[in-house]
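Shared between the two complexes below is chain A, which has chain B as its partner in the first and chain C in the second.
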Partner chain A sequence: MEKLAGVLLSSLFAAGLYATMSYGLAVIYGVMRIINLAHAGLMMLAAYVTLTLNVRFGLDPFLSLFLVAPLFFGLGMLLDMALVRRLPRGGTTPSMQSLLLLFGLWLVLQNLAYLLWTGDTQSILTPYTMSSVRLLGDSYGIPLLLVFGVSLLSLVGLDLLLRKTFLGKAIRAVTQNRDAARLSGVNADRISAVAFGLGTAFAAIAGTMMSTLYAFTPDFGRSFLLKAFCIIVLGGLGSFTGVAVGALVLALIENLFAAYTPIPTSFQDAISFSLLVLVLVAAPSGLPALFRSFSRKAVAR
Partner chain B sequence: MRAWLLPTRSVAWFGLLAAALLLPPAMADRGTLNDLWNVAFAIVLASAWNLLGGFAGQISLGYSAFVGIGAYTTVLLALAGWSPWLTLPVGAALAVVFSVIIGLPTFRLRGPYFSIATIGVGEAVRVIASGVEFTGGSSGLRMPSGAFHFLPNYYGMAALALVTVGVVAWIREHAFGMALDAIRQDIDAAEALGVHSARYKLLAHAVSAALVAVAGGLFATNFQYISPGSVFDFRLSLSIVLMPIVGGIATLVGPVLGAVLFSYLQIKLLASPALRDSYLFIYGGLLMAVMLFEPRGIVGLWERLLGAWTRARSRAAEA
Partner chain C sequence: MKLLRFFRGFVPACLLVSGAGSAQETVRIGAVLPVTGKESKIGSAYKQATELAVKEANDAGGLQVGGKKLQVQLTLLDDTSDAAKSAQLVEQLITETKVHALTGGYGSQLVQAQSVVPERYGVPYVSAGAGATSIYGRSKWVFGTLSPVEHLARTQMEFLADLVAGGRLKSPLSIALITEQTEHGNDYAKGVKDYVAAHAGAWTLGLEQKFELYAPDFRPLLGRVQAGKADLFMADAHLEDFISMQRTYTQMGIRNQMITYGARGADEAARKALGAATDYIFASGWWSDLLPYPQVKAFDERYKAATGVAPQWYHAVAYETTRALLVAIERAGSLEPEKIRAALAALRLEKSIVPGAVLYFTKTGQADLPFVVTQNKPGGKVDLVWPKEARTGEAVAPIPWK
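Right after this comes the complex of A and B.
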């Protein structure tokens, strides 16, 4: 029983980070109907920027969020205006052209990181990296708890932005129906740029936090990209509450597999990728839709 | 039908390719032949991928799995005492089985969703291959030491390249190719007209998987050593996708042009340390440039130039 409690708790902590990295993808997908394959590259780049700020200026990784997030917000808007906007709009389904364009961007970012910081494995050490606290009989690292806290804060922040501000209303309007939003006077192009900026900023927040937990190389982020994609599909593409549920489900499945099956941890990624394929095939419109169709069947009976 | 794809032109192209691949052993040195071997290998991968990714429009980012299946089948059976040549059909058969297993669920997905799922499949295969024992783990496997002759392997790869281009050309001219074309253009309309899209996609996947697996087997024989990092690598999947896209997706000539260009780049990259460190700049930059300016690659660019030239000439004739 105690083991189960530990598993649930570590799933919850992992889910915070998973949700943060997935919101970036979900915002961009929702507003622009684009799958941002460069997401992984942006997370990786943020990790390196955090590293440089830490090594050069001794800036704490969590404090550097206040610098990194706005910086990447601007970078995201710039990327949208310089690249993504030039492509023909794909309509309701994402276009292959944007997928491949952003794939190319990801490769360029990897090479950039390789030239600037070499291919060596890097990690960030802080005074509290090795300290931990005991919760329910298990010990958890301080960075993990901080990451969970920052994740919660940034998700609450995003939720408030989307629900309480005019900008958020406009973003949600474009997500629901781009043409209708434009008819009511929303500048959809500008909202797209803001959405790409927001998505990039969330990639950066996730990347910065990951740099305190994991070692990284320019290749960093691919498995996280697939996990994030799995999560937004689980959550029903473009649904913002669904993402949190999806993150929790994926984290739970990973931790349950790790705790109760003899499958070695090196296969853990294979589990989430297989889950991704399974979810894409079995429930392409996500868990919420699956539940809805079940309950409808139950009512019909 | 575009002018340069008319049968006579096609035959001329094919003859040129055959001469370029089959004549050199008589006169070129081993270094040049090695480069040509790489060109032939690239042509197989690019043209075979183009069958599914180009003509049928199903962009798969996980093709290194088939190279790996072919390569590992060859090495494992050779270690068990088989002749490497006899292992090639076995590798192809296994790749076909795997392509169907992967295709049955993933072909229910469309467009980018299919592409993402194939990244997942490719990564899962790589992770598992690095973790299980019979692949030699991350340290890889060596072919049994014995008499290896480069020339037969070279002819094998050259013949496979010609067969691949021939098979793709044949498919293109027949009902199968037209069905794939219809699927790419509008899958719902194709289904409404009675094209069994799932069956054709599976068939295209299987044919290209078999060709790629045979190339993987020849790759293992030539290099004598493979590891999950070399044959299941994401970068391999990447260049398989880039070659046809840069050359001209869904055309016959495009993948061949892309394969030649990429092999040339690779030789240049290996020769210069400064360039070797920036190959992803080149790959990524090319991909972005193609998507932004000419989604139909070199072939599209060529046609545009040709069109501009003809227009200029007819205007000059009028004046």
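Right after this comes the complex of A and C.
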């Protein structure tokens, strides 16, 4: 029983990290129907900005979120106005041009990082990096707990923004039906710019937090991006609560397999992507939609 | 008018002759290295060390080849850490620059891509940056100065066996063997497993696991290590994974009697990232500036004076590889590819800076040199603890966990 509790807790904390790195992708996809392939590059860039703030000004990575997130929000809006907006609209599916543009942007960001920070492996060591606390008999690193806390706050903040503010309602309107939102007087282009800024800010929050957990180079983020794709598909493409659910399901499956089966942990990615294929076939609208359908059937019976 | 016609014919003829003459007067060496891109850190170091070795040879008057002193002309190209580009640039050096021999290449993947080209054109090639055994033995033109990773693992087992013999560790010992899903990781695992199989009874393999490069979460894997309660933690990992894994290992409060991450341990970036959590980790390497040979001390001083950088293993190996190639060309007494190749195959570079002090290639073309073992000590100190005769400090075993 104690082992199961440990596995559940580990999954919860891992889910916090997974969700954080997926919110940005979900925001942009939800509003703009664009898969932001530059997401990994933006996370990497934020990790380097956090490092620079830490080395130059001694700023704690978690405090630097207050600088990094607004900075990247602005950068995202600029990118939208300068690049993304100029693309032809792809309807309900991402256009090939948007994929190519954002992949190109990722490569540019990588090379910029090589130029500015070289290819040396970098990391951030804080007084609490190696510290841990004991919960239910297992030790957990303080940075992972802080990442989980920030992830929860992000989810709550995003939910409040979307449900309680006019901007949030406009974002939801554009997400549901861009043309109808326009007919209702919503400036869909401005909302798209805000959404791209928001997605970029979430990528930056993820990058900053990951800089406290991992060592990084300009190549950083590739494997995380793949996992994030998996999570937003599990979560039902564009649903933010779904992202949190998808992250939790993925983390649970990974940890349960590691704890209770002899399957090598190197098959972790294979498990994630098998799950992705299964969900795409069985429930293309994501796990929350599948749960809803089950509960409706149960009520009908 | 006649004079003009004469000059029209004479000048190009002179240029042709002088061109041909200068082509004869230099030894053309080519190298393709990842100076930019993801391998740029070590690729740039290889470039610096290769250039220094060539500069020293030229400053000393050049190479004595067939009774003539010839200057060395190095053409160095950047493959941007791209394997396809790497092979293409090697081909360019052979077909357009007409190099007499090739050196360079860093990273098993890039060297693997490069190594098929010399066979096609019959040009000697000496790599300084790949220890994977699969690269060698397929072409008589390909040589490499990094000893097999399997031997790195064997050296670590011999070091541990010596600690058992000295009563510092108590046999039988169980091992948690954790390796990355790469050729490097597989070779390391094979080295450990072969040794355990050959010394059954004294060692057991308590757990064997592989992991994907740059894994986002090492907790499930390390959970198995913790549950397995092995005596020794032996891993093989890239620098980024070493840092992430050791952070999680420390945070989870896992305690093994000894810890290694293969060739990783004393890296400055890791010590900066992990602080005291790297203390007592032992690592094996192809070179250490702590080797007690006069030539190592002299190289260390020369390198610092020339570049302002304290040489690491990658500087030393790249430098010595280039030097070995230049010595082989002198011994060949000719710029003919076959003669250079034969000289490389027969080479015994005495008073070398490599561990064992003699650089040579086996029948497969890969060097088989001893490895050194270092151990991190508190306060950022590193001691050479193996081989015994070269050690600068006693190995601390088992780790004195607080």
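Please note the rule applied: the second predicted complex is superposed on the first by the 267 of 301 C-alpha atoms of A that agree within 3 Å, B and C clash if a C-alpha of one lies under 4 Å from a C-alpha of the other, contacts with A are read in each partner's own complex, and residues count from 1 in each chain.
Simple rule for what comes next: a contact is a pair of C-beta atoms (placed from the backbone, for glycine too) under 8 Å apart; a residue touches a chain by one contact, two chains touch by 3 or more.
Fair warning: this is a prediction, and the values are worked out from it, not measured in the lab.
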First, second, both or neither for A:159, with chain B first and chain C second: neither
Touching partner for A:141 - first (chain B), second (chain C), both, neither: second
Which of chain B and chain C A:281 touches, first, second, both or neither: first
Contacts of A:60 with chain B and chain C, given as first, second, both or neither: neither
Chain B versus chain C as contact partner of A:264, first or second or both or neither: both
First (chain B), second (chain C), both or neither touched by A:216: second
Chain B versus chain C as contact partner of A:123, first or second or both or neither: second
First, second, both or neither for A:35, with chain B first and chain C second: first
First, second, both or neither for A:114, with chain B first and chain C second: both
Contacts on chain A seen with chain B and repeated with chain C across the two complexes: 114, 222-223, 264, 266, 269
Chain A contact footprint on chain B (complex, rising order): 57, 59, 105-106, 108-113, 115-117, 119-121, 123-124, 127-128, 130-131, 234, 238, 245, 277-281, 283-288, 291-292, 295
Residues of chain C that touch chain A when the two form their complex: 36-41, 181, 209-217, 219-221, 223-224, 239-240, 243-244, 247-248, 250-253, 269, 272-277
Complex interface listing, chain A residues touching chain C: 10, 14, 17-18, 114, 118-125, 129-132, 138-142, 144, 213-220, 222-224, 227, 251, 254-255, 257-259, 264-266, 268-269
Chain A residues touching chain B - in the complex, by the definition given at the top: 35, 83, 86-87, 93-101, 103-112, 114-115, 222-223, 226, 229-230, 264, 266-267, 269-270, 273-274, 276-278, 280-281, 284
